[in-house]
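So, here's a batch of structures to check.
In the two complexes below, chain A is the common chain; its partner is chain B in one and chain C in the other.
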Partner chain A sequence: MTDLPASSAGSTTGVGETATHAAAKPMRERLVWLIDHFKREWQIYVMLAPMIIWFLLFLYKPMYGLQIAFKDYSIFWGIVESPWVGWEHFETLFNNSQFIRAVKNTVIISALSLIFGFPVPIILALMFNEILHALYRRTCQTIVYLPHFISTVIIAGIVITAFSPSAGIVNTFIGWIGIEPVYFLTKPEWFRPIFIGSGIWQEAGFSSIIFLAAIAGVNPSLYESAVVDGASRWQMMWKITIPSIMPTIIIMLIIRIGNLMEVGFELIILLYQPATYQTADVINTFIYRQGLQSGQYDLAAAAGLFNAVVAFVLVMTANSISKRVSRTSLW
Partner chain B sequence: MQNMNLYSRGDRLFVRANMVLIGLFTLSTLYPFIYIAAVSFSSGFAARAGRVVLSPVDVTVAAYARVLSEPQFWNSYGNTFIYTIGGTITSLIIIIPGAYALSRPQLLGRRFWNLMVAFTMWFHAGMIPFWLNIRDLGLLDTYFGIIIAFACNAFNIILLRNFFESIPSSFEEAARMDGANEFQVLWKVFVPLSKPAIATITLFCVVSRWNGFFWAMVLLTDEGKIPLQVYLRQTIATLSDDEEFSSTLIDAPYSVETVTAAIIVCSIIPVLCFYPFAQKYFNKGILLGGVKE
Partner chain C sequence: MSAVVLKDIYKRFGAIQVVHGINLEVAAHEFVVLVGPSGCGKSTTLRMIAGLEEISEGTLTIDDRMMNRIAPKDRDCAMVFQNYALYPHLNVAENIAFGLRIRRVKKDVIASSIMEVAEILGLTEFLDRRPADLSGGQRQRVAMGRAIVRHPKVFLFDEPLSNLDAKLRAQMRAEIRRLHNRLGVTSIYVTHDQVEAMTLADRIVVMNDGRIEQIGTPMDLFMNPVSTFVAGFIGSPPMNQFKGTLANDAEGASVTIGGARISLPDTVPSDPGREVIIGIRPEYVSLASGEATSPVAIKLDLVEPLGSEALLHATIGEDPFIIKAETFGDVSHLSGLTEVHVPAAMVKVFDAENGHVLNREPTR
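Then we have the complex of A and B:
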């Protein structure tokens, strides 16, 4: 509280002067200043209040509730009154082969999505950039952006229909080349390709927007002088476009690595089944089953806390790296 | 690059090959939609046998007749509209003034409030404490719970705050001279100047509301309150598990596949109607979002 008036110093002229003085003067005057400030500026606090209350009630209160990760939670006793058990739930988790498997699957699915999914929007953006026919380009863009706006349930519905053993189009296709129908969604080895493939189908087009924007920002005089030198479009793409958008590529890559713990678990919940758990079950689906379906709230909350802490560390690391990269690569 | 002449044969070849590849990618993006639409208009028997590839086989609207005659379909469709419209309006009512307050230099503890909002982008308590909290607040199984519990998100707030901060103070001075208070300045100066940013967050809200399914599935048990996406999921799950349904299908003109496809088509139509309007903004929006923090 003590540095509050000082923190607003250097804002609007009149307020700023009072504030610098107030910092050196006794309590009473600071109080007078505060009352005066709220009398004049109460409106912005009225505007701020609903949002802050919302954050406290819906995002910070659950953080307080996270303590059940260290408690033997019972609905009867409630969050605060339930007895403490220390690290017991974490010990249980790390001795639980299902949880270990879920952690592994989270990292593997994330890493595979990154390896196969990350280059696609970059390639798409580079290709869109080479299309000279404006209408053709706009039409194609409109279509490839569309799946981003489609709900996960619909994506799952399409996947389930398309990969169905009797009716699905995929089995019809492979039937044409003489392969027996496969019930893909019950095969553990097929889960990840299907999941990652549908992810690319849904997001690659839309993710290319950020790279297209980077390409649009490339200095046109670079291309002009390259044309004078007789460079081909292929050469210009490799020698000008790609190096110019490299900072964007690196930053997007770092952000993606920072979000490694985030796997699209909603789609997994819709597509997986006990037969494919061994390759499909990730931390969030584990939490969903243990917590919301089996009612082991404390254990599931512990798994969630583990996930959140790892994610936090990764995101923070990624943020600080990306700040360093973007600063150095700008100059 | 647009107006450059194509000098060499290699360039021309490159551009053509590129057009073909993009065309193929576009078609493969489009194909699942065409396939689903074709299935939805095919007979259950043809769909079951896997005979639908590109266009409907034994054209029929039986699947639509079944879907549209289901009262629960219309009910959940209506609920989706309630959640989308109610949720988006609630978001805007909280976010616009909140982001404006955060952008004001005279706000005491401004850094603290900003950090409080931004922190939630990096750390989240997780599914279970969030769910317990909703339960303890008595918001399980309520329209209000779904609408209010997802009203804000840090990304949208920061996006809008950044936009407000980028507006030069000279714009508001005239209004201040006329004795406008903060609400009037926000409403008459900042909101009109921020149309692209507000349109962008509106778009984000509408899309996430329309598509939202996980929390609706988890928080709502009353069949009467579920949105379309949850209904779609239930239909897929129950129809495929329902032995009786499958056995009656031998002579039924529809099947699990065609009914599922018909619901999918019905649920995509509003997105397609909204899409052209949205398209104008999402390019801008992504770029606004790109400069976060």
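Then we have the complex of A and C:
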């Protein structure tokens, strides 16, 4: 029970004071409640503090620098002293064929990753769930989780080696069926399949953990009831497991759509070359080249801001559609 | 004809044996309740009948067909689970139809079956709702609907009312019994609640530690428990039990408890000096003296009024003693109570060593 201060708990007032007192009382009570709450739960806030500090330092403070997207920024003048130029950088960007190409590539690579990559962890989780032998299941899971823990540089090395025209395993295989070696990583048409495929190989197993956890949460009685009703394992998967984990699938899809404009550019930088820019250059690699390599920080900030706004609109739209259609949403 | 027969059924989980050779015959159209404390093996037995657990040893037949190796779907049983097992993503109609859809029954047959079941269970106005939008009682009815829509040979109920509050439980209990009277399907019902067992069952199977203690009609179990376990389990409040030594004198067999001589029925074998446990049902203790009753001095601790009746918590010497007395709402006269009367004919006598009854009456 919360102890109230004597003034608010038992005071009497004249008629004229009643209105102001009535308004002030809840405010005072709320303050007292808040103080009591902090005194009681301070440990929780101490635990929360590092995360809040991290957010403030690395996500909120940099927002201050976003203004350089609207300024003619110079490192000698600093953010505040640099003159405002309005939408000039955005106009430059949209008149730049490289940026338009990067936006197009980002959307295409993200959409293909979503279409081909998003279902794979779900399918893997469903398959793991059907393996009855515990040791065999654990072994399979470990094998598919492993690539997640390999550094992107190593992954790039593996991909480069695998698709090497001289000694790569892929060219060796296709050599056996009489096809001439192909230098895949210099062919624009092969970049997207290789990039998306290696991404799925690296992350699908680890991403399946979330869906496996969701499957583990399905009430076992539902399966038992279905067994008594005569359902096969295939029917149980379609009619119980998948509908039961649908809220998790939708939440993950919303998050994925929110990250649609965030293509993992480290792997692209490690794999692409001018010969494949046509299909490989994405917004983040464009920002990297303009901002860090050419020193055009303001133009790069404008590109980054554009990227963030599109991602924000996408996640809001996906969340709102999901809330209407499936009653599941992030917020 | 027996609908379900369990013969020497054993169940082992690895090295642990949980069911120790059960023999049970359930007649067609009969309502049998398996009752016992948690962990006694009643749910495991039911799950073995459903096919959800393998039978380690013994034979199970349903309608004279051996079922040990038959898949659950081919046993023609329908099961109602403790937590209802309703599919949260399906509405009431879809939940009821699930089993029929799985079996690829024609759509028009499914539609008419849903309506028929919904009318029986009073669910017609909830057919479009999802389980999350239903009350506990409505969910329970949907679970029953899903079972009855298939017209199975046997209904299996696994503590279906244990998630409901007391009032709803009493209401649903009556509904289940009415439904059984109407459909006449052989039913096996598991519960740990002896009130449910008493009110629902044609016959009750009392289980303890993986074994059947006693099978009988509710009144048979109440009047003639074969052991101290059944005596303590059936009846609310349970039978009072006191340790004592058999004595025989000119007035007949008796046991002295807390200084009071309690006369025993003539059916008790004469065996002076034998250590026994006597059982006295709280309902059969009289506040007034009568023919062939033994006066017993008590110390009254507490009176719990229940409306027309009251529970009197007393002691005889050091032993607790509960009496259920008709009071018609007035408990004022009970405060000075120091003596009650135990009718000799209603005293049960059990062997102190193995707990078996010594004066079993013929089954009524």
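Quick note on the criterion: the second predicted complex is superposed on the first by the 253 of 331 C-alpha atoms of A that agree within 3 Å, B and C clash if a C-alpha of one lies under 4 Å from a C-alpha of the other, contacts with A are read in each partner's own complex, and residues count from 1 in each chain.
What we mean here is this: contacts are C-beta pairs under 8 Å (C-beta built on N, C-alpha and C of every residue); 3 or more make two chains touch, one makes a residue touch a chain.
Model, not experiment: these values are computed from the prediction.
Shared-chain residue A:Ser225: touches chain C; no touch with chain B. When chain B and chain C are set side by side, the one touching more residues of chain A is B. In the overlay built on the shared chain, the residue A:Glu130 is in contact with chain B alone; chain C does not reach it. Looking at the shared chain after the overlay, A:Leu292 reaches chain B, while chain C stays out of its contact range. By the touch criterion stated above, A:Ile143 is placed in contact with chain B alone, chain C being left untouched. Looking at the shared chain after the overlay, A:Ser244 reaches chain C, while chain B stays out of its contact range.
In the superposition on the C-alpha atoms of chain A, the part of chain A touched by chain B in one complex and by chain C in the other spans residues 227, 230. Against chain B, in their complex, chain A makes its touches with residues 4-5, 7-8, 11-12, 15, 37, 41, 43-48, 50-52, 54-55, 57-63, 65-66, 68, 79, 124, 127-134, 136, 139-140, 142-147, 149-154, 156-158, 160-162, 164, 166-169, 171-172, 175, 201, 205, 209-210, 213, 223, 227, 230, 232-234, 266, 269-270, 284, 287-288, 291-292, 297, 300-301, 304-305, 307-308, 311-312, 315-316, 319. The touching residues of chain B, counted against chain A in their complex, run 1-2, 4, 6-8, 10-11, 14-15, 18-19, 21-23, 25-26, 28-30, 32-33, 35-36, 39, 47-53, 93-95, 97-98, 100-102, 104-111, 113, 116-117, 120, 122-133, 136-137, 148-149, 151-152, 157, 181-183, 186, 207, 210-214, 218, 229-230, 232-233, 236, 240, 255, 257, 260-261, 263-264, 267-268, 271, 275, 278-279, 282-283, 286-287, 290. By the touch criterion given at the top, residues 50-52, 72-74, 77-79, 81-85, 87-90, 98-99, 102-103, 146, 150 of chain C touch chain A in their complex.
Of all the residues in chain A, the ones that touch chain C in their complex are 219, 221-222, 224-231, 235, 239-240, 243-244, 246.
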